[in-house]
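Shared between the two complexes below is subunit A, which pairs with subunit B and subunit C, respectively.
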Partner chain A sequence: MTSHATISIEPVGVRWQSMLPPLAVLALAGLGLLSSDYVVTVLGFAFIYAIFCTGLNFFMGYTGQASFGQSAFAAIGGYGSAILCADYGWEPLLALLFTMAISGVAAVFVGYPTLRLRGHYLAMATFALGLIVYEISIEWTSLTQGYMGYSGVPPLGIAGFDLVTVKQQLVALAVVALFGVFVAARLRQSRFGRALASIAGSEPAARALGVDIARYKLIAFVIGALYASAAGSLFAHFVGFISPEVFGVTMVVQSFAMLYLGGIGTMWGPTIGAVIVSVLPEALRGLKEMQDIAYTAILIFILIFAPRGLAGLSALFKRDRAQTREGA
Partner chain B sequence: MYKRRLLMAAAVAAAAISTEVRAEDVFKIGSSVGLTGYAAVIDRAWRDGLAVAADALNERGGLLGKKIEVVVEDNHSQPQDAVVGYRKMISSDKVNLFDSGCVSAGNFAAASFVVQASLPMYLCSILPQREQEQVWAFSFLAPPKFEIESRYRYLKEKTSVRKIGILYDPTPYALMMKGLGEQLAKDFGLEVVAQDTYKPDDADMTVQLGRINAAGGGAVVKIGQGGSTVTAAKNIKQLGLDKMLLLSSNDDGSIFKQAGEVLGDRFLFVAPPVQLPKQLKPGPTKDAVDAFLKYWAPKYPDRDPTNGARAWDSMMVLAKAAEIAKSTEGKAIRDATEKVPAYQGAYAVFNFSAKQHVGITENPFLIGKFANGELVSAE
Partner chain C sequence: MSAESPSPRGVPLLEARDVSASYGHVQALKPTSLHIAEGELVTILGPNGAGKTTLMRALTRLTASKGSVLFRGEDISGLSTHKLARRGIIMVQEGRGLFPQMSVRENLIIGGYLHPADTEEQMGTVFDLFPRLRERVDQLAGSLSGGEQQMLAIGRALMAKPQLLMLDEPSLGLAPRAAFEILNTLRELNRRGIGILLVEQKAPLALRLAQRVYVISLGKIVAELQTHEIKSHHDLARYYLH
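Here is the complex of A and B:
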């Protein structure tokens, strides 16, 4: 299934408009610092998902492929960090980097045969990957402790300095999320990014231009896995506990909602989607049992009126302004 | 103009002070429950049991004169949502204590920062794993060995079945029970000839049941809750296993009725006294069950009272702890809970102490069956 992602033609270069999203992220983090631990927790999860979705956007948005299995790499990152830190006393940052490397290698081994598939077959294969890792996390109790979960995962820390409070961790998560988007933006504007865009547009055309499609797809898949692994590790450190439910189908559904709501194929769409999908249910919490209905109704409303996601709205307004000028 | 402003300021200050006084007069109990997802059946009953108990206690003047207010947050049976809900209840609602449902992973995920906030946790689930978290947590769930022992005793004393199969789901409580099931079988002269797992949402278990039958198992000890029990009963019938017994874990009465309709008296289940109220003889257990049903039955006449009763009992233990502590402060309630003398509840006797944070220490379970359209004792 080739997703119908449209790579938006966002302007390259530093203009004042391009500074708005990172400033918004920093403002959100600042708001969190002035708020209760509840708000901090919601924003923390939003930033973790922003990292996850930014990686997923590489494969689904920039490359136009479908993957339902990124949660598998988040599970590798989460369990890897939990086990290495809680049982073997590793430094959280070292464990995070190490599990990213493990996830990257796993993505190469899995991706090499899997990415030969296309369309629905690729979607099914990646979905199976997610389910397999989920089952392993339940059944391999000697390693993962199954549904009992892994407790006592230490908070994030660097060189012996632990980020003990959730507010300190929120700052770290905001910085990592911004760094993740920055790296994604740089890669997207590179030769490599243009190759991915050509694959998303038309594989035969890209092949005719000399793009090694299998290789580029694999690299995009591995990059997505690295981001997912980092998100899984950060989740484990942020909450201090992980269990298989965290990396189940809910994670896949939620990340897809974030990606499409924010704007698949756009630079800031995943972050915008992650923040909206994380914050919106909390804003509707007062509705009690009607919360889920109101939440999904709003999501549907947004997707109807902003089918290219919220990040695509700016392009829409620009086009309207241009048409008005032409008309004048 | 000046006087009007002064009056307004005074009114605002008075309103603020009265709100503060009102907040001090309320004892807030936070409850993280899975109102949707796999724990929904039990946790909805838990929520309703808390509400019924809060009404009953408030009628008697609340907790040391404070009105009890239950703040419920749905965790969708997901640990991540539970973390957010717990954080909200601590920092926004300023709850005084938690009395949460059966989503173990959600309770475990929140335990570390609930401890940091020095708030006691009364739980429908098993205790968190870490010792420092167990200090603040109290479990109202029966130890898994009791459910196993009741079934094994029944098989030994009332049947000629000596070879059994264990069918279990991979939840923490079920895994603990399955381990005990293997260990305890010999003590009751039973042999576990097969054991197999299933997922709570499996729509077919004929393969697992076929294996147990092929290994010579005459009874299936099923560990796990939900609609899977009905599936297992239907599969036994479909396979034509006319002599095989199915012994289920404790669950909601609606599940037992459905499974009983399929297998008749070959379906047996573990039940606390409150689930078989007509079978009870006069005594403290019946008195406790009646005290609960007096409030529960008029409100929920068609619903099974089992898990609501456990939540009710947890609130009654809290009331006793507050009486002992003469305070509603978190640390005082925690310490006092350990000193509550054996309390006869509607579900079981609860016997907490400094070393015993799993309250049920005596086996409360009976074996029940479905006959003539109702749940009755099989013993």
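Here is the complex of A and C:
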């Protein structure tokens, strides 16, 4: 199941257009500071999902593979941070980094055998991974407290400086989300990123050009796991509570919607998709019983008219302009 | 771009010994042996379904195979495709295997994956060989004509600095003029010292280039001929009808 990602290597230019998405993220965060805690919470979730989807985009968009199991690593991050901070008094930032490392190691162990599979088989194997971790989070009650969930997770902070208000946390989440996109963009422009793009384009061709497919797939999977773990940890610290449902199938469906709506394989697509999918239902809340219908109709409308996602629209406009110039 | 560390005298650039490959229970390639000397251009001819592509894929480990393959006398049978590429064995696959959603430049940059420091220099060499690619450098590979796509596929392979270039039906689907151009370029590359193993169905074109020909039929090599020994195409036809 090769994704239909836009695998062209976008230049990370410093043209004014490339500054729009980060400015939009900062503007959203700024808007949040002037809004109610409810709006702040919605935007906070959007930024957390943006981090998660940026990682997922690495594996699905840049590398053209399918993974339904990234929620497993978010669960490791979330529960890891919750347990380490609430029960053992770890610094939240330290716990976040430690659980990222644990998730990375877990991704290597899981990915090494799993990534030998391709297409639908890989999709099913990763889906099973997500389900297994979900079941563990329910059944291993002595560790996770099962359906009861884990409460008392402290807010993000370091060395006694805690982000106690949700608005402070929102700013931190926006900065982390931007940093996540920046790192992803830099990696994508590197030799490593080009290798991933070649894998997404054609595995046999990439192999024939000297790209070690197995190694790079594994690295992309691990990077996705690191992002997912960070997102899980941030969720735990932002909400102060986690339960198994957070990391269930809904998370997988939600993140896929964000990825495809925003533009899989593009730099800003995951962030755009995360914001739209998180904010839109809230914006439509006034429609009451028509809310779900309107929400779904808008998503379908976007996917029909922007099949490469909203971030792909800019490429479409650029091509149209280029064709117009050529025609002139 | 050419071979940098030639084989010791008398040692072939590539030697395959009893290489065979199967798809399930069907043996598509019976134990086959061949060799390519340093700087030689060798063609594998044969009808459809004879096993030409399977032989290429077996040699480059894109298909699981048995038997042994030696590169400059060193056994490379156990190496995977990407490791062969690192040794300088680069294959241009049938269908070209381009990245259609990437530009010409991006395809070439990925071609230079193994030699990132030399990307600009190699790209210049490719553009000198195929000036049309320079004109199309920002165009999407998928929007190029068939001939231009083949140029790009070969150009991308050259970015990897091959010592042995293996091409599977580079003239497939091309107009005669474009096919002629492509094959002429291969002759030029061979003059620069790159060993070439060419799978081709268009015998007249291939015979103009190659120094030596293997004829493959029903999954096995049925003849090995020096090109000058072939007086007419009737000489080949009997092998095709083998």
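FYI, the second predicted complex is superposed on the first by the 325 of 328 C-alpha atoms of A that agree within 3 Å, B and C clash if a C-alpha of one lies under 4 Å from a C-alpha of the other, contacts with A are read in each partner's own complex, and residues count from 1 in each chain.
Just so it is clear, a contact is a pair of C-beta atoms (placed from the backbone, for glycine too) under 8 Å apart; a residue touches a chain by one contact, two chains touch by 3 or more.
All values reported here derive from a predicted model rather than from experimental measurement.
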| item | value |
| --- | --- |
| Which of subunit B and subunit C A:191 touches, first, second, both or neither | second |
| Contacts of A:211 with subunit B and subunit C, given as first, second, both or neither | second |
| First (subunit B), second (subunit C), both or neither touched by A:172 | neither |
| Subunit B versus subunit C as contact partner of A:201, first or second or both or neither | second |
| Which of subunit B and subunit C A:147 touches, first, second, both or neither | first |
| First, second, both or neither for A:122, with subunit B first and subunit C second | neither |
| Partner chain(s) touched by A:274 [first = subunit B, second = subunit C, both, neither] | neither |
| More subunit A residues in contact - subunit B or subunit C | B |
| Parts of subunit B lying in touch with subunit A, wherever the complex brings them together | 35-36, 73-74, 77-80, 83-84, 87-88, 90-92, 104-105, 108-109, 111-113, 128-130, 133, 170-172, 175 |
| Contact footprint of subunit A on subunit C as seen in their complex | 60, 62, 80-82, 85-86, 90-93, 97-103, 106, 109-111, 113-114, 116, 140, 156-157, 160 |
| Subunit C-touching residues of subunit A, taken from the complex the two chains share | 6-9, 191, 194-195, 197-198, 201-202, 204-213 |
| Residues on subunit A engaged by subunit B in the complex (per definition of touch) | 36-38, 40-42, 45, 138-139, 141, 146-149, 151-152, 239-243, 245-246, 250, 282, 285, 289, 291-292 |
